[in-house]
């Protein structure tokens, strides 16, 4: 049994409840136990770091300090934005002990930051710590036939200096996980494009245009569904889809899953537990492709030059 | 450890075969079993030779003397002595073909009170590293010895004790030593590795701003001397035995030796043939952290 | 091996011997190709540093015989700085590597005999490191100032 | 008794503003040995030098101290003044009171003045111990080594050889020609690269003063200016060049196909091959790594078809030695690997190619016979996007410097594309257009007019695939909008980097290189072709990115330097070198061991006056000694001294503060 400190973040109990609950289902199957940080607080999200730097560090630092009181060495975070704030703080604090001491002094009653807890997104945790082999071994009903476009968004792999995970511009970890579940990952070039993020509320048009392009590219890649690891990406792509369809006059009907939902599905958890009714875009159409026989899926090939480099004999 | 008979036999044989002109060994003084070096010129004197655990001096020093320099010499060496001989060979001061080296598998020598000398208790290479014949408790072994494998290195307790002292106490301790020095240079004369035509500390440039016999001249002389022996000193302690004031000269040498051993790939002087000493080579991995 | 810096500073008390307007003399022995050029750059860049250092030019740090340091401390200097090219950059290929060995042993020996380790310092300063040279000089001056005048083994004529 | 003259310079206000110069002069006059001391506004000026010359004669001075700027600045000037007055120039000492005092203690005039006095005292003390020194003459081997057979190496070799000086030209690959041989046409005149290069290549092969050693590498360089000894490894070619006629039967029959480096891997060559048809020498070599005969012992077809029997599978690498007097390093450049541009899909999309790949495609002797095609489907592209500054000027992904040639060759590429595919259209994403050079701006302007290429100022942020097209999204900063271009082919103008093995080469030659691996010149402005090591010169891109005209100019400059070096029968050398006092030398030979130049040998001298017995002592080879002083400091008996930096000189400085 692996154990993991868990930072749920505010969306886990709201818009992304299906992420949180399926994550817990999946981790149970994979024999990982989550322990919430006691008395955790807001990560500061997009607001704190445009207001004051100190606050933007102090909020995540408090969580990091609290996490150090738990016995586990890794903190897993579901929300991409929470992950980003936490990881930025950790990297900067570790790099600059003077700054760490200064920020720490504002939350000194909680304890002293030591830098002993590692921060990982749940995607990174699944890919690096659990591993594809373990995931594959738990698959009971493979998602064969389902074509998915894996969408990472802007925060999970960038900037490389902070995240230290996967390729910043063309990540493949989620693709590999989906392939382990039996699904097919399409060649999708919009993996890390912006979805419009929190403009969802203040400037919906921007989101509709940006998310629209992502949907368009996903459709062109031949995907039945989009897979994400970020609550805001999910809500933008799913919730805004009917409006986008209306404005562009294009029909998408592409459901947007959390990768944990697909994992749960492949691990054989009953569909009723996966909270599909919470989706705006109906999921049934996409899921009906599962099991449909299709010619061997074309895998995304690595550059062909490596093959050419070998000599051949006539 | 008593090889008196064997050495007498060897010396006699060497003279008889005409292989040597002079033999350097030890003789007794008649007082307390004390021994002093002796140079004998023919087989008739061979019965003056002795070798016991009181044969303390490093006879290699006598190779730089006029009596031996242009002659074929028979010579008795212990482990430490042989290391200094190795250095003299490398530095081209003696020719191997002019030497017949009688090595002793040394078990340590003793002082007047019969106690083992400190450098013998710390010795890392007791067996000779260069010899034509080696005398061991098991009998006589001919031929050049195999390359020496040093025993575990021992730090010198006196140096460690001083290093643990506060700086001011160490300063005081050494000021007294340099004050006691009478600049007789016996240490230098007794050292087998000091063979310069004119020692640098006697040259004009060095002495110019010192005056002759002052604490500061003693400081300058001894520090320079010990640095010229750093990475070469084999800890035979001829200098200390020669010092009329009984100054603990080994402190300087051991301090340097320890710094060199710790920092420069466990370097030990004179153990490897052809090795010139720690200051005449370098490694890219040498410590750099003491430099800004 | 050595006592901590704090302890050592408290032992050599400058207050007892140093007159109020006392300024230390630092002898800086610099190699021609890197450190001397670097010190020139400090000048052309007009970077300011304490005026206590007196610079002696040598072709290479390997020209520095340990007894220059001994002699300096015994005569005019309260502290010595030797500076050369960074490892691998020696104009004469390997000079600074030989020098580095001698410096380590000399520094340790002098410290063993009662000189504070800050009295003899070393640095690698390249021809481009004008700012570093200024910093190094400031540090050495500061360190030696804390230690006070050096009287140990000074020839009487030279005791300032 | 020494009679020292001290000349203190104001350096205008540079010294005088921060140091009380008259006070320094007064103080210096108190020194017993100082017989003359004076201040002047500019000591380095003609009247200043005249003052020194007059004072030397009138006051019978035995040494001179000039307190002024750094000796690295004007030591030579003042030495000249001394010799003009009939005094040995090495009796001069310079007190550096500008860089070491006035400029660095501008806030404390008293301290700066005191320091200047001390610096003068030190210089006076040192000068008392100065001795007369005389320049050393060393013989010179009049043969040059040129490393690298690209256009830089070719030009340097030809220019030197034309001066009737023998040249050894070492080239790593089987043929000379370098990167220029891969080019189609050259900017700004669009003359065919092959047409202007191949005659030069043939000249090299046939020149009586050039020894061309292809397929070889320099292993070792020992010695010093005028007297180097180079070890060169000739790689086994498995073909006897003496008997080979270059008929080509072997490579036509060879069954092994290997990606062709000359065509950037866009087509195949054989395991036995000449790199390109115009290769010089036009003799094939066997690529041992891919030859099945050499790897597995099976095949042997080339040997069977070779009429003259030139194939020799048993050939071994051979090391040869050449004595040379000077070296020209012309190892060229590498191209940057654009892999870090993941957002462009480099490596995933076949239709993204580098500029040199494009160059090979549009080249008449290239893999596609001069027609650019899409590597993915072989179709001729219509819309081509050129992206500049790939790796250049990009600290995050690449390197911070400008590669200098990309603006011009990209312009050339738009023209070539326009010539080859008439209905095509070029889009150029650029940061700036840097067209500084004769006829360059005109070339760019004309190209823009003629080809109607669309120039978009801004960076490309993303390339993605839509159908079989590549969608290139970037910013057009001039209209402040994001633009998307539908491209058939994308060409990346990748940065010029130093050859990857430059650091290794620099180490073996004993010269330095910068953080990017480019070899360092002795002075960025005034000595741009020399290195810090005498007798070694730099030509072409190995020093920094540059275009062909500049490369050729630098190569010819190298040739002029080499010819100048070889103009006399001997080289004059600084006399500040080590000398041995054999009286004190005990012959331990530690100095022989530490000398980095092998400048110390042993000698035999009599034991005493008239003695027949000999003893060994050290002896300095004057020509080889560079004056580092390593031997001086390790000599325990102080038998060695370094002229100009003797023990008495340095001790005098130390004690006179």
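By letter and in written order, the chains are A, B, C and D; residue numbering begins at 1 in each of them.
Following the convention adopted for this analysis, contacts are C-beta pairs under 8 Å (C-beta built on N, C-alpha and C of every residue); 3 or more make two chains touch, one makes a residue touch a chain.
Since this is a predicted model, take the numbers as computed values, not measurements.
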If we look at subunit B and subunit D, which chains touch each of them? C
Pair joined by the larger number of C-beta contacts - A-D, B-C: B-C
Centroid of subunit A to centroid of subunit C, CA atoms only: how many Å? 57
Starting from the mean Cα coordinates of subunit A and subunit B, work out the distance between those two points in Å. 73
In whole angstrom, the CA-centroid distance of subunit A from subunit D equals 51
Subunit B and subunit C have mean C-alpha positions lying a whole-number Å distance apart equal to 34
Two or more other chains are touched by the subunit B residues 200, 206, 209, 279-280
Give me the residue numbers in subunit C that touch at least two other chains, ranges are fine. 66, 71, 75, 94, 98, 102, 158
Flagged in subunit D as touching 2+ other chains are 594, 634, 647, 651, 655
Topology of the chain contact graph, where touching chains are joined (line, ring, star, complete, other): other
Seen from subunit D, its contact residues with subunit B in the complex are 583-590, 593-594, 613, 616, 634, 636-639, 647-648, 651, 655
Quick one: which bits of subunit A touch subunit D in the complex? Just the residue numbers, please. 167-170, 187, 189-190, 192-193, 217, 220, 300, 302-305, 308-309, 311-314
Which residues of subunit C touch subunit D in the complex? 23, 25, 27, 32-33, 36-37, 39-40, 42-44, 46-49, 51, 54-60, 62-66, 68, 71-72, 75-77, 89, 91-95, 98-99, 102, 134, 158
Note which residues of subunit D are touching subunit A in the complex, please. 255-259, 265, 271, 290, 292, 341-343, 345, 347-348, 350, 462-467
For subunit B, which residues count as touching subunit C in their complex? 159, 162-163, 166-168, 170-175, 178, 200, 206, 209-211, 214-216, 219-220, 223-224, 226-227, 230-231, 251-252, 255-256, 259-260, 263-264, 278-280, 282-284, 286-288, 290-292
